[in-house]
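Next come the structures, one after another.
In what follows, chain A forms one complex with chain B and a second complex with chain C.
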Partner chain A sequence: MNFAPLTLELLLAGLILIVFVVDLVSKNPKVLAGITFVGLTILFFLNLLHPWYGTTFQGTFVSNSFTGFLKGVFLLAGILVSLGSLSTAEEQYRGRVGEYYILLLFSLLGMLFVVSARDLVLFFVAFELMSIPLYILAAYQKDSEASIEAGLKLFIFGTFSSAILVMGLALLYGTTGSTRFDVLAQTLTEGEALSVLGFLLFLTGIGFKVAMVPFHMWVPDTYAGAPAPFVAFLSVAPKAAGFAILFIFFLQVFANLALPWKLVIAFLSGITMILGNLLAIPQTHLKRLLGYSGIAHIGYMLLGVAAGTDLAIAMVLFYFVAYVLANIGAFLFAETAIQNEGTDQLSALHGYAQRNPLLGLYMLIFLLSLGGIPFVVGFWAKLYVFLAALKAGYGLLVFLAAVLTVVALYYYLNVARQIYIEKPASNDPVRVPASIHFVLLISTLGTVLLGLYPKLIVGPALEIARAFVAGL
Partner chain B sequence: MWIFWLIAIPLVLFALGVVLSKNLFRSTIYLGATLVLTALIYLLLHAELLGFIQILLYTGGVATLLVFAIMLTQRIVGEDITQQSRGLVGGAIASLAVLLILFFFLGSSQLDFSVRPYPENLNLALGKNLFVTYVLPFEVLSVLLLAAIIGAIVMARRDR
Partner chain C sequence: MQHFPVLSLILLAPFLGALLTMFQPKEAYYRVRIIPAIAAGITLILSIYLLLKYDRSIGGFQFIEHYPLIPQLGISYHLGVDGMSLALVFLTAFIIFTGVFASWTILERTKEFYTLLLLLVTGVFGVFVSLDLFLFFLFYELAVLPMYLLIGVWGSSKYIKPRGIFARMIQEVGVGTKEYAAMKLTLYLLFGSAFILVGLLTIYKVSGLNTFDFLELNAHKIDPRYQKFLFPIVYIGFGVLAGIWPLHTWSPDGHASAPTAASMLHAGVLMKLGAYGVVRVGMQLMPQGATEWVWLVGTIATINIVYGALSAMWQMDLKYIVAYSSVSHMGIVMLGAATLNEPGLNGSVFQMVSHGIMTGLLFALVGLVYEKAHTRDILAMGGFGKRMPGIATFFTIGGLTSLGLPGLSGFVAEFLVFLGAWQAKQWYWLVPGVLGAFFTAVYVLRALKIIFWGPFNEKYKDLPDAIGTEWVALAVLSGVLILLGVVPFILLHPIDVSVMELLSKFKGVLP
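Moving on, here comes the complex of A and B:
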């Protein structure tokens, strides 16, 4: 048996064990966060420099440049969030910091497996390994009713959607008699009614996970109630995994099932963009606003899925990177506000740029990136996805997306206005924990650097997407 | 065929009882009955292994645990926990819609639904599937269980 393609997963499992053992000896949050941060950073660079490509376990586990890129995105999110959670963990998770990081790493391990799985059973088990720790982490602020509510909502919606998903997968197995993706791709051909039902249930289940409209209703309350550093993770990493799953299933498993899935996705993309953007406008709390804006971003990325070309896949991959940096940054800014003011209400952010100019600048850059202003990475991400969709023939939808981007600028810049123009209520300096400051700095640098030189990611992403499409 | 109906009709009634009963304890008992009857349906389809696993795990394990959980919480909380069934109309419409969708797709399916024989040596086939074909998911599953246990302990434990 060839274990080489599993190296990254095995190393991450090893890291979990290390954190587990260290937690028995030292309960110091700094030590635990440090080990997680350093371990994930090492894994990130190992994955970058020496990816273990290959296929093992009778072709049910695949590691290639496509999965390698995604694993890089997950690890990046893990690195930023492991450090970004430290100050919250120190203040609120006393005595259970180790478990916090262990659960975070378990979820990451699930993500690594889920994009490499080419077998329904492995896929579903990995999917649950990714999801279940998230339910617990959402409710980790046990003394906050909002956090418990967030966890419960995520749990109920999550398990319910998992049940729908597994029903769909069972039907796919039932109609073909195989759980392997390559066999499924060949046998799911004619219009067998139960395969169609399986497809619909699959789409619904994943729809809940990536929060596309009309399966988005858990997002606002969960994002508003759960601890902000965790939401930073929840809003990017599992979403990226969900999109990878969509690509793998649509382009491989359902490739020969004659279904108008592109039209379905295009339609869902449209309503997701519209609803996310419009509902974000009246929000008065930063986390809730970012929740709705996150739904809007899902809509933009779905545009790339609907296009389904190698160009579109590459641009969605690039979008993940842009989105991870800006969104994690914005949520950690929200966490800083919560730590200082006790609330993430927009009116509490008045004059933040005067009280802490550097913090204000970071947030401004994240907002510009999320809004898609030129020369920060978010602009290129949106532009490239729109162009790819335009080339695939979705002119009308791209027009809609462009209009909605302008609408989105209104609420993003409204946040910037609160931070920059409104008079501060007090002149106390805003305290930013060093750990969060470091993460904000990295995210800002990444956002600006990739904004000036997007080729750094776009070039490899194009190659990866071409290889992925060619290798189907 | 009549055996199927003999099982299916009480199964649906008990399932309704789970949802509609105000008494949580009774709901659990109905749930146990529902699970046993489902197991009987598996047996009817010649899926002996699945049927007995269903009884072993769900009736013997899950339903029993639920009974214990209810008894213990009632003692701690000191009052009977009642179950409320709100949104009955919406729920009924949704269930009916799901039923109709299932009927539609099942009705237009061209699959061969005849019961296929089990492999002769069931144990061998099971072991091979579990420890050769699906050994990786099997191992990942144990990691998943560990994650779930850690999560449950963190949630249930009092902070020091």
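Moving on, here comes the complex of A and C:
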């Protein structure tokens, strides 16, 4: 048995054990967060500099440059969130901090497995490993009714969608008699009733996970109720995993299935963009607004999935990076506002730029990046996805998306207005915990640097996508 | 001929100025004003250098700088100017230089104000000098966005009492407030930029050259079938910024609410950016498409002229009068472009410069009057000529340019445009055009009479005239207006060279 391709996963499992043991000795949140942060950072750089590519478990576990890139994105999100959660953990999770980080790491482990799995059973187990810790984490603020409700909602919708997903997988197995992706790809050629049903159930299950319309209802409530640093994680990492799954399934498992799935995805992309953007406009709370804006971003990324070319894959990969940086930053800003004002209402943000100029600038950059304005990374992400979709022939959809980005700018600028233009209610300085400040700084630097030099990610992403498509 | 990188320096000067200003301490009164003034001064000197060194006998794009940025997608850092962009760079440099002095008295968050202003102007220069459509778009966005904060933070709201059946609705929306104006302006312009982005990406795709380079695309003929629907997309996209009717409504609200320097820059330069985009990207890259749609461009332009002038006639708010006059004058620019002949296009570009400087002057004056009299309601003013003779003189010069008095630059531009319209296929454009010029005279003289020459209002007996640095702004701007009116060929010559090159693309296309 060749364990080399599993090294990253094994190391992460080792990190979980270390956190577990340390938690028995010391309950100090700083120590636990520090170990998680340092461990994940080491893993991130190991993955970057010395990736373990290869195939094991008779070809059902694959590690290549495509999965390596995605694992980098997950680890990046984990790094940023592990540090960003520290101040919340210190104040509210006394005595339970160890479990918090262990759960976070377990979810990460699931993500690492899920993008490498090339077998239905392994895939589903990894998928559940990724999802179940999230339900617990959403309800981690035990004293807050909203948090419990968020957790419950996420749990019900999550398990329900998992059930649908597993039903779909069972049908696929039923029609082909195999759980291996490569066999499935060869056998699933005719669009017969059972395999079509399996396909639809699969799409629905994943649709819940990535929050595409019409399976998005859980997002606003969950985001509004759950603790902000966790939402920062929830809003990026599982979504990225979901998209990776979409790519793997559509381009490999369903590659020969005679179904107009591209049109289905293009349609879903259109309504996701429209609904996400329009529903974000009337929001009065930052986290809720970011939730709807997140749905809109899912729509843009689906545009790339619909295109399905290697260029589109590369651009969606790039989009993840942009989205991780800006979205985690924006949610941590929301967390700062909650810690200072006790609410994330937009009207509580009045004059933040005057009360803490640096914090205002950070948020402005995140907003511009989410809105897709040049010289920050979000612009390139949108532009590249549009370009890829245009080349694949979705001219009208790109036009719709371009117009909707203007709608999106309305609500992003509305946040900017509260921060920059409105007069502050008080002149007390806004306190930013050092850990959050550090994460905000990293995200901002990343957003600006990649905005000035997108080639840093775009170049490798293009190569990875080409290799991925060629290796199918 | 090898040059030092003039164009990059023109871009770098305001950008570095913005960075330097941003990191100054809040208390440094002079430093946050002197640094922008120096940065603007450098660009002004460089743009005059450009004008002198541009080789008219060769024509075409000169001062080229070319480095690849993202070769896989055919994006490069490609700069260069021809006669047309040269004139507009010159205009921008003048407006920002005087704009810095016109906003000397801003006291609230001065540092941030100048930083944003310089960033904005970096974007404007970038648009005029870039020869890569992608770069062009990047700078375009940079030129649009800072305006949101400039109006939102430093702008002023109009005092209005909504009346009639829609009063409640108007109040809810907040028409006339600076927040409303800022949001409206930004969204309109970004809506336009969404069109532009799609247009540019489609050009990129259908040309099949895998490049955004303007010169390569210019040498290539885009399939006429695509030109037919691409031209309107590009026209609408840039047209929003050029204030074409009925998408012009952001302009009066936005320009009236903006702080002085921002209105000068926006009405003076940014609207030209839209017209420049229509001519450069729309007409030069898509001659067939342009020929097919030119009837619409011209017709809308004539509506602009008359509608803008009539609206200006009704306004009681001084800043709105000037703002609506911009809408009217932009109609002349677009009409000139629509004629697709030599005098018309020359006049169009010349009007861009002339109107830019004239509107800059007028907005600067409106700012001064407001600052001293604390009102923009013209009915509350009267007889100001006695107390502020300097301002009254300059206002008159600006107003007379606006109505096209010979000897001032406005006359040259309007004469050329109307000459072009007469020679164009749709000669009837001339009628509303000339009618608009008449209405212009009415609203200009009406405003001048009420404010400066009417019965003196005793409330304003302590009104001071312009002081110190303000004279610099006024004298420079009106000096240029007179200079261009007397010796127009210093600009017309390079413009004509580029216009002839543009028209050569229409050979065999025009019926």
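In this text, the second predicted complex is superposed on the first by the 472 of 472 C-alpha atoms of A that agree within 3 Å, B and C clash if a C-alpha of one lies under 4 Å from a C-alpha of the other, contacts with A are read in each partner's own complex, and residues count from 1 in each chain.
By our rule, contacts are C-beta pairs under 8 Å (C-beta built on N, C-alpha and C of every residue); 3 or more make two chains touch, one makes a residue touch a chain.
Bear in mind that the values here come from a model prediction, so they are computed numbers and not experimental data.
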Touched partner set for A:202, first chain B, second chain C, both or neither: neither
Which of chain B and chain C A:121 touches, first, second, both or neither: first
Touching partner for A:387 - first (chain B), second (chain C), both, neither: second
Which superposed partner A:139 touches (first chain B, second chain C, both, neither): first
Contacts of A:215 with chain B and chain C, given as first, second, both or neither: neither
Contacts of A:417 with chain B and chain C, given as first, second, both or neither: second
Partner chain(s) touched by A:405 [first = chain B, second = chain C, both, neither]: second
Touching partner for A:57 - first (chain B), second (chain C), both, neither: first
Doubly contacted chain A residues - partners chain C and chain B: none
Complex contact set, residues of chain C against chain A: 70, 72-73, 137-138, 141-142, 145, 148-149, 152-153, 179, 182-183, 186-187, 190-191, 193-195, 197-198, 201-202, 204-205
Interface residues, chain B side, partner chain A - complex: 101-102, 104-111, 133-137, 140-141, 143-144, 146-148, 150-151, 153-155, 157, 159-160
Interfacial residue positions of chain A with respect to chain C in the complex: 368, 373-375, 379, 383, 386-387, 390-391, 395, 398-399, 402-403, 405-406, 409-410, 413-414, 416-417, 420-421, 454-455, 458-459, 462
Of chain A, residues touching chain B in the complex: 13, 57-58, 60-61, 94-96, 99, 102-103, 106, 109-110, 113, 119, 121-122, 124-126, 128-129, 132-133, 135-136, 139-140, 142, 174-175, 192-194, 196-197
